[in-house]
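So that you can tell them apart, the chains are marked A, B, C and D in the order they are listed, and the count of residues begins at 1 in each.
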Amino acid sequence: MTTKKVAIIGASGYSGEELVRLLLHHPHVELAAVTSRQNAGQTVAQIFPKFASHPISKTLRFSEPNAEVLARQADIVFLALPHGVAAEFAVPLLDAGCVVIDLSADFRLKSAAAYKEFYAHDHPAPKLLKKSVYGLPEIYREQIKTALLVASPGCYPTSILLPVIPLLRAGIIKPTGIIADSLSGVSGAGRKAEADYLFVECNESARPYGVPKHRHLSEIEEQLSFAANAKVTIQFTPHLIPVNRGILTTLYLAPEKHFASAAEVVSLGEAIAECYQDAYGHEPFVRLLDGNSLPDTKNVAGTNVIEIAWRLDRRTGRLIVMSAEDNIVKGASGQAVQSMNLLCGFPETAGLV
Amino acid sequence: MTTKKVAIIGASGYSGEELVRLLLHHPHVELAAVTSRQNAGQTVAQIFPKFASHPISKTLRFSEPNAEVLARQADIVFLALPHGVAAEFAVPLLDAGCVVIDLSADFRLKSAAAYKEFYAHDHPAPKLLKKSVYGLPEIYREQIKTALLVASPGCYPTSILLPVIPLLRAGIIKPTGIIADSLSGVSGAGRKAEADYLFVECNESARPYGVPKHRHLSEIEEQLSFAANAKVTIQFTPHLIPVNRGILTTLYLAPEKHFASAAEVVSLGEAIAECYQDAYGHEPFVRLLDGNSLPDTKNVAGTNVIEIAWRLDRRTGRLIVMSAEDNIVKGASGQAVQSMNLLCGFPETAGLV
Amino acid sequence: MTTKKVAIIGASGYSGEELVRLLLHHPHVELAAVTSRQNAGQTVAQIFPKFASHPISKTLRFSEPNAEVLARQADIVFLALPHGVAAEFAVPLLDAGCVVIDLSADFRLKSAAAYKEFYAHDHPAPKLLKKSVYGLPEIYREQIKTALLVASPGCYPTSILLPVIPLLRAGIIKPTGIIADSLSGVSGAGRKAEADYLFVECNESARPYGVPKHRHLSEIEEQLSFAANAKVTIQFTPHLIPVNRGILTTLYLAPEKHFASAAEVVSLGEAIAECYQDAYGHEPFVRLLDGNSLPDTKNVAGTNVIEIAWRLDRRTGRLIVMSAEDNIVKGASGQAVQSMNLLCGFPETAGLV
Amino acid sequence: MTTKKVAIIGASGYSGEELVRLLLHHPHVELAAVTSRQNAGQTVAQIFPKFASHPISKTLRFSEPNAEVLARQADIVFLALPHGVAAEFAVPLLDAGCVVIDLSADFRLKSAAAYKEFYAHDHPAPKLLKKSVYGLPEIYREQIKTALLVASPGCYPTSILLPVIPLLRAGIIKPTGIIADSLSGVSGAGRKAEADYLFVECNESARPYGVPKHRHLSEIEEQLSFAANAKVTIQFTPHLIPVNRGILTTLYLAPEKHFASAAEVVSLGEAIAECYQDAYGHEPFVRLLDGNSLPDTKNVAGTNVIEIAWRLDRRTGRLIVMSAEDNIVKGASGQAVQSMNLLCGFPETAGLV
């Protein structure tokens, strides 16, 4: 297998750091460049002592981000940048022939209007929206294989879309009335030196935020609408809890079929189980829980796995689906590497197990 | 004001410990007895070093629980016992003329049938169900003042009932489709030596449990049904998060009135604000948040305060209400002391600020 | 008792916030002013939602710090400012007749040379060093009663000085070879928006810092030298651990007397116990642990208490003394209020229990 | 390379679980058996959901521990059992021709008398003490290669011995007066359902324990005595802090040479740096920190690496050495696998990076 050269622009945030970890240990790539304005000139080992045992970390130095230079150094470039900034690099890198895997929100939406509604400014490169592929491998595997620009999904969207899309596609649940209640670890806020994310402010704290209109709604609703073939509007409430890593999402869904009798519960249950089995039974990174098990972020921390479990509530007529993922891995950098594996023809799990 | 003598049966769990803290420092009571089978014979200072600076802690010793003896020692007896066990003590204590404030689930329901459905055994003293008063002071203040048996509410129910009851009573929301998504600190599991609640199992973990039929549903639904004057069935999902104290509840509610236009949003918003202001504007332990503030468990930890905030979501037509409380104080021992203050004629905030 | 008017300059950091909490609830003072450059114009309730249940919090607004204005508003002014800045306010406030209780390091040293050595600039008001009283009430109670300028001790120094000074004064331990190994909660770093103190950087982390010459050494050594009547140099290693509040200090001390036989152990143990009993047996805020108890920060969190326990190690000939305190209360704001109580003639424990 | 079959006796504790993780992913071994009395009959996936993505976890079931059966199933058997129990299995397994890697304390000491002093009962198999090799690869690499019984070191001993042994061997420090102050994560207490290790009891808590004579002293002192060629007695204080994983040890050491002048500091510093470089410069799992870096448990969590840094304190004449390791990996299971790699002739880092 030919080794690919990869670069990370914005390698000093949490997603960037996780990309460094994954790519340093990836069997088929060479980490050729990492950029960071604030850390330019320093080695990876100096900035991330935890990687100092890897030989490359002692020689690889952060550089100033420069699309032209990076295009010469790397075949594939990961963008771990704030939204708005990512597009500035994506355009010249694509022009120079690089494959771009963008972890920001810049190319996740197909609708430039939705982008403007949620991000409050015009999209910086609307033409690219058509070309980008939404990097959810379990849903868009074939498209990712030939993509030149992958828009890797947000952490919350991943935790919501993977459990809901198969149910919508199968017509098992109504596309209306969906509620997603999510708990996120603090790394989701990024490595920003803001008082709100200080240890003392987060420890012994649980709090909602961004109620009721979080930006991630835009990509969640666009993707759910594709799956339902109808415009979907959902309720989404993110909460911050004192863990480093992990998103736990609880979904409240309305089955299309009424289930009141025991027989109806069994029949609907079988349909749901079959739906998930068909969708994810062979997926390496989706763990369908059975028996009494419920998702727990500690069981996925540090991995690219999403856990999914569900329960039918005969009392209320609802289907409760719960998922757990590591927001920085399956919700960000791990999933981006999974896309890279697909588009490079590497084994999909390479560097991720 | 005449000092009352109080006793705590089951003083070694977390609710019991918090009662010790509150009652040791209460200006109008004397903590006359504390019981604990496992700690009998030891002083409060030995078992709870944190209280060792209080002089009584050096002399007050845990005793074996004995209703006859306690009835001679105390005017008011708090029961911090598992459900089922509490009733065994309540009956003889009431017979002996004590006032009983029970923190267990034993006397919270009016319906013995609902008790059996949720607790899986016949109610041990069904006649007392009529006499007991549900100890939610903001809702049942007058009844508590003359109660002989107070059934202090559960921690989750408090976090749900206080935000929802006024809206139901005012007819602002529909009694159907209510969803309560709650996050609880680990003290809610009690001081039980079970592997699931070890530090390593809870730290860096977020997980749902008891899905979809938690026992607390019984009292939540009974109380909401009283408020709505109709049978209410709700969806309730508890989650365990790594904090010591605190419950954060997010409620998804359906307003009776449709609101689509800006004017309708304003009008409905005013109705909600007025409803809460009427219900809680003068309550010492309900904090209605305004501006951009949202509830945060760290702002209520160690206090008897519940924080409430709400948002109308024009996109979905829902009302989102969020509350934060300390599960051990407003959700348990603090609220029990608040009830005691009421029935003793003490200032309602005595020992609680 | 006449109510005193008090002000806090720099009320938005962790020590300042804790002063607000303590002074809002203090029975003999009125919190007349709080300053904060960044929060000027906002109410205490807006900045600290947790205090919003206190009526004054809704009306008291943060102001820009202005010594002249504050001198008219308050009898006593607390300075919760960075070192170097505190002196700028202390001078005009003292001139205007206020009593000043400074929580910074500015007036803790008697030696301006030591100040310069450890703080790397000339002392801004060296004349005041003679007038200031080191605000450790258990050691300098009488001097504090008549002080006009109290230099409230640092958090680490308090945790070290209270256990060591009585032993040095009694000649039980040698003044040489003292080692203090301390663990501090993250609030000790202040409410600074620096990446090092983000939740993700502190959670699941334990790390030493400031090795081997932390600034607090200057006041520790000066005070120990006074107690020993000889120049004392100690080893001090601070560590950061993921708790909000608390300092746990383990001290390695060399008894003057050799103890090898069982009888010598008993005899030395009695001398140590008697020494501590004489020094602190009647102190309201020092808890001497007995039996098998060892200090635990959770038993002092939120209180003005320091716990002390000790063990003789016959194998090594050393005396191990351990202390636990809340770094923000006994290590900062609580101790400052204790000093205020003394100099105002209030009961020493007023507002602190 | 021939694949070896391995078994783990006592696979349900934290060390056992970590062995499962490491051995499931090890390239040269097949995990043939795992035992656990309480979990017998259940699959690895059922007990450890986090490993459920590994195919073997679905079929490999916990069995009752039976030496005879295990001897037929495995070439190498890991014992993750309490001390005293491990020996019962080691004897028949060795007799049956298995290689045994014991993570308990049973075979760490050469002196049966020291065992009795610290563990309060006669050693169950004193003859084996001579045959066992202390499994610290950086120190006993050659002996481990041919060992039949490896006594894998304790977590605290590893964090102390690796930093100290080279200094003692080189004569750089005195063998007297050594002090080790250690902070351990809660996993060090094992998966024991005891109230002391509940989340609520450990979170927001820092506390010393086992003062002054912890059992690990026996192996620490025996090994240091070998290194110094003299009887070494040290001071050791363990503390429990609220992290899942990690030990941070701070060591107070006395250099043989006096260093007062700047030149002496430089010269001694060079000797120390050279000593560590010689000892560990090529070790894959020892990270010698340079520059301003100090050890941090978060940089080694989940890895087999120990970080070491040191500082000379000219003020006190002491050498401060600090180390950080993951108590469950380098302090237990990772190190045991490292020993296995050595004795099987696998690359030493196989399955550990």
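Just so it is clear, a residue touches a chain if its C-beta (ideal position, glycine included) is under 8 Å from a C-beta of that chain, and two chains touch if they have at least 3 such contacts.
Owing to the predicted nature of the structure, the values given are computational and were not obtained by experimental measurement.
Trainee: Using the contact definition given at the top, which chains are in touch with both chain C and chain D?
Mentor: Both-contact set = A, B.
Trainee: Among the chains here, which has the CA centroid at the largest distance from chain C's centroid?
Mentor: Using the mean of the C-alpha atoms as each chain's centre, the farthest one from chain C is A.
Trainee: Counting C-beta pairs in contact, does A-D beat A-B or the other way around?
Mentor: Per the contact counts, A-B leads.
Trainee: Let me have the rounded angstrom distance from the C-alpha centre of chain A over to the C-alpha centre of chain C, please.
Mentor: 46
Trainee: Give, as an integer number of Å, the spacing between the C-alpha centres of chain D and chain A.
Mentor: 37
Trainee: Roughly how far is chain A from chain B, going centre to centre by Cα mean, in whole Å?
Mentor: The answer is 38 Å.
Trainee: Where in chain A do residues touch two or more other chains at once?
Mentor: Each of 185, 201, 203-204, 242-244, 296, 298 in chain A touches at least two other chains.
Trainee: Mind pulling up the chain C residues that touch chain B in the complex?
Mentor: 25, 46, 49-50, 52-53, 204, 284-285, 287, 289, 291, 293, 296, 298-300, 302-303, 305, 307, 353
Trainee: Quick check: in the complex, which residue numbers of chain B touch chain D?
Mentor: Per the stated touch rule, the residues are 14, 185-187, 191-195, 197-204, 242-244.
Trainee: Can you list the residues on chain A that touch chain B in the complex?
Mentor: Residues in contact with chain B: 179, 181, 183, 185, 201, 203-209, 211-213, 233-235, 237, 239, 241-246, 248, 250, 252, 294-298, 301, 311-313, 315-316, 318, 320, 322, 324.
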